[in-house]
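See structure below.
As written, the chains take the letters A, B, C, D, E and F, and residue 1 is the first residue of each chain.
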């Protein structure tokens, strides 16, 4: 059940076709997951989102691809995005996350959520040592 | 401004003293940040939280300490915990996060938040390929 | 699957009957969606929620009905309320939201979520120009 | 710093005056906290919010006043509303919450947040035993 | 659909067996809900989470068990954790929450969420009377 | 207090200079708010974020600029981003939002947050009428 209808033949649109081809080439796989199929209801939105995701996740940068996917999973858990948790857990595994690393990721996310709640409940001042404006 | 008063002399309590000593020994530093000082209003709570955080963050595990701190920052951002963002960004830096890695962390968190919102708005089905129950 | 049982014959209760009749009259439709059916497990709660929603959403006010529904969708996305995203996207469409406006709504919600995350990560001071206490 | 200016003389408006009088009478105190002062920028909004809060929090119901305030604090922590955490922690204390109960409240909120994160990360099916539709 | 596979025979692992036995003994029931079955994919994580939950929820403390479960439900609602809302609503009912108390719980959570949003929108200063650092 | 130091002379960097010039030209104002100053700690991140925000918020699209800013405020409230609430409330006002519209925006956000919580607590099925996959 979705809030937009799935396009019947998304790649009939040339913008969609170009994006899907780039997704397949970037990932080295024929699999295009449903996010992109549904986003094709608005080709400019599809194109903008893919370009953003590609620039951040599929371009070499300071952090390695597996770490970036694990951070993505952590955020998706905190935002309670079911689809995103599924798709980025799968992506992290595809990029090498082991079962032990997955358990460790969940452990850190769980403990962070716990102390986030405590601190939001305590409302204490931030230690001046953490301030980078004056350092 | 906080919801609990800061204890006047927290280490007068032997449980608090033991926890603070362990914090200093574990970190190899005399600095005990304000979270622990305020949590000392309830020594059993202080002890339980410290043991949980220590087990997850200060014990060798599948993920390295810097990666764990960056995941902690990501969750704290998504949960809008100001204190936690400050303290764990500082911790990640202390464990080696560079300016470039910090920017990359923020970039991933930002893009994840963007697609989390899109997916929560689209409410699309999850690709069966992501299901691990049948794999 | 729900946390309250659906009432077998909700309109047997006179308070529920009155609320359902008002929902049908206000909307000019026989369709009463499942939120109201399930809320009928507690007629005073049903009545209070309907009166609040009716006063805000079905009463002429500064903003037009379509804009109010789009704001409702935006909040529901951010709060990850699946039912609410579905029902208020449908309501926005019924009040005239086009496919292009829907895509634009999602685009704004997505970009807002991205910069919300960035700012929660940066923890920067608010520009004094934004302060309305002194203006 | 606020997004609306504080009214110079809020009780000059008769709707505001009536609401403030009712706040004082309901609470048996001359203290009107700043939420209501700022909400007076729009008297109908002020009136609607006060009536909702009064009906839920200041009217005898199935749960006792202290328990309701503690639930209010729990929600405010999860939603990261700083003002709300402060004001409802104070209200819970005024209605009898002890230091031990405050610590216990924080402990439950912290552990709930931890397992919420774990479950949002695991995305497991709900046990059919929890379904009330068929019970 | 889950992000970890359900273990085929979880109690073959002695750590899992010990935890499951303790869950059954603590609850006086043979029913072990699916959270624990899936968490068995990583026995140390299972053990740590159960010990935390048991210490907070199944150990006598300042708040009674029913109140603690209702607070747990409130947090789970705010964090949009579907599984947690189901399992802890069932637990609260098992510990005596009546239909009227359930409705009252939902009423408080709903009104708190409403004023949380208002205050996050108004960004007003906190009354100095709520500050416990100087009291 | 921030997690990155404010650059001493951000426009000494040519990428930053170009972005700041574009911000000033796009807005027709010399005022560059602090978000951009701090983001200048990483010029590529600054550039990417500005281009995304500009494409969505400063480019003619299906929704008018004032409506887009109000949706931005709604999301920022739900995500508890203090800076974002301030800056986008100011932007909405600059684009014509009246006091009455501001009150109406807050009213809708508040009521949406209330029913979001109710629905997340009830966990009811979505009416098939809302499904767009089969329509």
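Going forward, contacts are C-beta pairs under 8 Å (C-beta built on N, C-alpha and C of every residue); 3 or more make two chains touch, one makes a residue touch a chain.
From a predicted model like this one, the values you see are computed outputs, not experimental measurements.
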{"item": "Touching both chain A and chain F (chains)", "value": "B, C, D, E"}
{"item": "Most distant chain from chain B, judged by the mean position of its C-alpha atoms", "value": "C"}
{"item": "Per Cα centroids, the chain farthest from chain A", "value": "D"}
{"item": "Centroid distance [mean C-alpha coordinates] between chain F and chain B, Å", "value": "27"}
{"item": "Distance from chain C to chain B - Cα centre to Cα centre, in angstrom", "value": "33"}
{"item": "Whole-Å separation of chain centres (CA-atom averages), chain A against chain B", "value": "20"}
{"item": "Where chain F touches two or more other chains, by residue", "value": "1-4, 6, 48-49, 52, 75, 77-82, 85-86, 89, 100, 103, 105-107, 109-118, 120-123, 126, 130-131"}
{"item": "Touch-based graph of the chains, sorted into line, ring, star, complete or other", "value": "complete"}
{"item": "Interface residues, chain E side, partner chain C - complex", "value": "80, 85-86, 89, 99-100, 102-103, 106-107, 110, 117"}
{"item": "Touch list for chain C against partner chain D, complex", "value": "1-6, 48, 52, 55, 126, 128, 130-133, 135"}
{"item": "Contact footprint of chain A on chain B as seen in their complex", "value": "1-4, 6, 31, 33-35, 38-39, 49, 52-53, 56-57, 61-63, 67-68, 70-72, 74-84, 86-90, 98, 100-101, 103-105, 107-109, 111-127, 129-131"}
{"item": "For the chain D and chain A complex, residues of the former touching the latter", "value": "73, 77-78, 80, 82, 85-86, 89, 105-106, 109-118, 120-123"}
{"item": "Residue numbers on chain E that touch chain A, as the complex places them", "value": "1, 3-4, 41-42, 44-45, 48-49, 75, 79-81"}
